[in-house]
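What follows is a set of notes on a single structure, which appears directly below.
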Amino acid sequence: MATIKQPSNPEADPRVKAVFDDIRATRKTDFVNNLWRSLAFNPALLESTWAEVKQVMATPSHLDPLTKELIYIAVSIANSCSYCVHSHTAAARAKGMTDEQHAELLAIVSLAAKTNHLANGLQLPLDAAFDAGAAA
Amino acid sequence: MATIKQPSNPEADPRVKAVFDDIRATRKTDFVNNLWRSLAFNPALLESTWAEVKQVMATPSHLDPLTKELIYIAVSIANSCSYCVHSHTAAARAKGMTDEQHAELLAIVSLAAKTNHLANGLQLPLDAAFDAGAAA
Amino acid sequence: MATIKQPSNPEADPRVKAVFDDIRATRKTDFVNNLWRSLAFNPALLESTWAEVKQVMATPSHLDPLTKELIYIAVSIANSCSYCVHSHTAAARAKGMTDEQHAELLAIVSLAAKTNHLANGLQLPLDAAFDAGAAA
Amino acid sequence: MATIKQPSNPEADPRVKAVFDDIRATRKTDFVNNLWRSLAFNPALLESTWAEVKQVMATPSHLDPLTKELIYIAVSIANSCSYCVHSHTAAARAKGMTDEQHAELLAIVSLAAKTNHLANGLQLPLDAAFDAGAAA
Amino acid sequence: MATIKQPSNPEADPRVKAVFDDIRATRKTDFVNNLWRSLAFNPALLESTWAEVKQVMATPSHLDPLTKELIYIAVSIANSCSYCVHSHTAAARAKGMTDEQHAELLAIVSLAAKTNHLANGLQLPLDAAFDAGAAA
Amino acid sequence: MATIKQPSNPEADPRVKAVFDDIRATRKTDFVNNLWRSLAFNPALLESTWAEVKQVMATPSHLDPLTKELIYIAVSIANSCSYCVHSHTAAARAKGMTDEQHAELLAIVSLAAKTNHLANGLQLPLDAAFDAGAAA
């Protein structure tokens, strides 16, 4: 079940083919997952989404690739995106995540959720010490 | 404003004092932030919450301390916990997070939120390749 | 799988039949979807829910019918309600939503989610100019 | 700060006055809180919202009044509604919630959030035993 | 589909067996549901999660067992955790929840969600009367 | 309070000045709100965020400008982003949203939230009729 009809032959459209080729080259795999196959129903949305994912996630930066995937999984769990949890857990594993790190990720995410709900239940006043906007 | 009345002299209770002492020793600071001061209204809840935070966040493990804070912030943003975003951003900075890493964290978290909503809007079928539960 | 047992012959109950008849008449279709078939387990809950949906969504008002469905989908995506995303995307399409409008809806929803997370990460101070409550 | 301008003399409108009078009579207090004062900007929305709150929360039913408030707080925490957490915690206290029960509510809510995130991270298959929809 | 591979013979590990035995003894049933079978991939995470669930949910306290399950379901619905809604609805039913109470739970949860979104849309100022932190 | 220190003279950086100039020209106002002033701490993040907001929200498209703002507000309410609800409600009003339309938006958003929670509580099976992915 899906809310859009996946194009049956998406690469007949040269804009789609260009994105799929770049996904395969960037990820060094022939596999193009359903997110991209579905977004092919609108080439402009496909292009802009992939460009941003490539820029943020597949370009050398100030955080290492595995850390970036762990952050991505954390947000996806909190937003209850089943597809994203699956796809980014697979990606993290491909980037070297061990079972111990996976268990620890789940422990941190679920602890954060726990204290998020505690703090939202207490409606705590902010400590002045946390204000990064204050003059030094 | 808060939903509980913070005890005015929480360390008069020896159970509270023991937790506050451990917080100060573990974090090597005299500062005990409002989450703990508020939880002091129920020493058992204070003890169990701190024990878990100390175990998960302040014990050497399979992920480095800064990565753990970044994951914590990511969940707190997605769950819209203002207090937690403030306290853990301050903690990440204390553990060495640079402005560039902070900007990158925000870029990843907001991109993940974007694709979470895209995937939830498309109601994508899962790719069989993502199934970690399948027989090898 | 479901958390309640859908009544096998719901229209044997005249209160349920009256609601189903009104759904069919209002929507000009014989199709009564599972939300209503499930709510039939409690006729009072079925009646009050349908009465509100009919009043808000199927009565001429200050917003056009398609705009109302787009807003409904947007909330359903953000709240991660798979059933609701499916049912209201189908409803929007029945009210004339084109593929281009669907792609644009997804682009807006996912951009909003992105900046929601950015703003929650930055914990921005509100601009005084946004205060509708201020004296003119 | 607010997104609407609270009417300065809301009870000049007889529809608003009728709702406020009913709130005061139902709750046996002169205090009408800001949610209702704000909704007064649109009498129809005020009327329908109060009618539902009165019906669900202030009418004798199958759950006792304090249990209903605890459920309301739980949802409000999870949805990060600061106003609602404040107003319903005050309501629960007015209906007899003790400090011990408040601490326990927070412990349950935050534990549920923790296992919600664990289960969403694991993407667990449902146990067939949970299916209430199955034939008996 | 799942993000971890459930151990095929989890009770070969004595730490896992001890937890499963305690689950069976505490719940007086032979049934151990998938959450625990999945967490068996990391015995430490399994032990700490079960210890907390047992302490909070299966120990006599200031709230009765059914009320605790209703609160748990409420949070799980708001956090959109399909597995948790299923497992805790089954648990509530096992503790005596009637169909009328189930319908009422759903009515309260969905009304709370409605006013949560109303209040978040209005961005209401807090009433001073709600401040539990104020001096008496 | 904020998690980053807003640059005191952001337009000293030519990249920031270029974005601010474009915001003022696009919106035909001298007012640059805090989201952009805060993002100025990282010019690349500022540039990419503004470019996307301008493309999606300020370019003629398949949906009219007010409808786009209503969708944006809906998502922001559901994600509990206080800043975004304020800024986009102000934007919607600037684009002609009347008080009646605002009330109706709130009625739709809160009804959607209500049925989202109902459907997530019922864990409804999807109707086959909703499957857009099915062969025609």
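Quick notes
Which chain is which? They are A, B, C, D, E and F, in the order written, and residues in each are numbered from 1.
Everything below uses one rule, namely that a residue touches a chain if its C-beta (ideal position, glycine included) is under 8 Å from a C-beta of that chain, and two chains touch if they have at least 3 such contacts.
Note that the structure is a prediction, hence the values are computed from the model and not measured.
Common neighbours of chain E and chain F under the contact definition above: A, B, C, D. Chain pair A-D has a twin interface among E-F, D-E or B-E; that twin, with over half of the contact pairs alike by residue number, is E-F.
Among the remaining chains, the Cα-based centre furthest from that of chain E is the centre of F. Taking the mean of C-alpha positions as each chain's centre, the chain lying farthest from the centre of chain D is A.
Counting C-beta pairs in contact, the pair that comes out ahead of the other among C-D and C-F is C-F. Mostly differing positions are employed by chain C and chain E in their mutual contact, as under half of the interface residue numbers are shared between these two copies.
Chain D and chain F have Cα centroids separated by 27 Å. Chain A and chain B have centres, each the mean of its CA atoms, that are 19 Å apart.
Within chain D, contacts with two or more other chains are made by residues 1-4, 48, 52, 75, 77-82, 85-86, 89-90, 100, 105-107, 109, 111-118, 120-123, 125-126, 130-133.
Residues of chain A touching chain C in their complex: 1, 3-4, 41-42, 44-45, 48, 75, 79-81, 133. Chain A contributes residues 1-6, 48, 52, 55, 126, 130-134 to its touches with chain F in the complex. Chain E makes touch with chain F in their complex at residues 73, 77-78, 80, 82, 85-86, 89, 105-106, 109-118, 120-123. Residue ranges on chain C touching chain A, taken from their complex, read 80, 85-86, 89, 99-100, 102-103, 106-107, 113, 117, 125.
Chain B contributes residues 1-4, 31, 33-35, 38-39, 49, 52-53, 56-57, 61-63, 67-68, 70-72, 74-84, 86-90, 93, 98, 100-101, 104-105, 107-109, 111-127, 129-132 to its touches with chain A in the complex.
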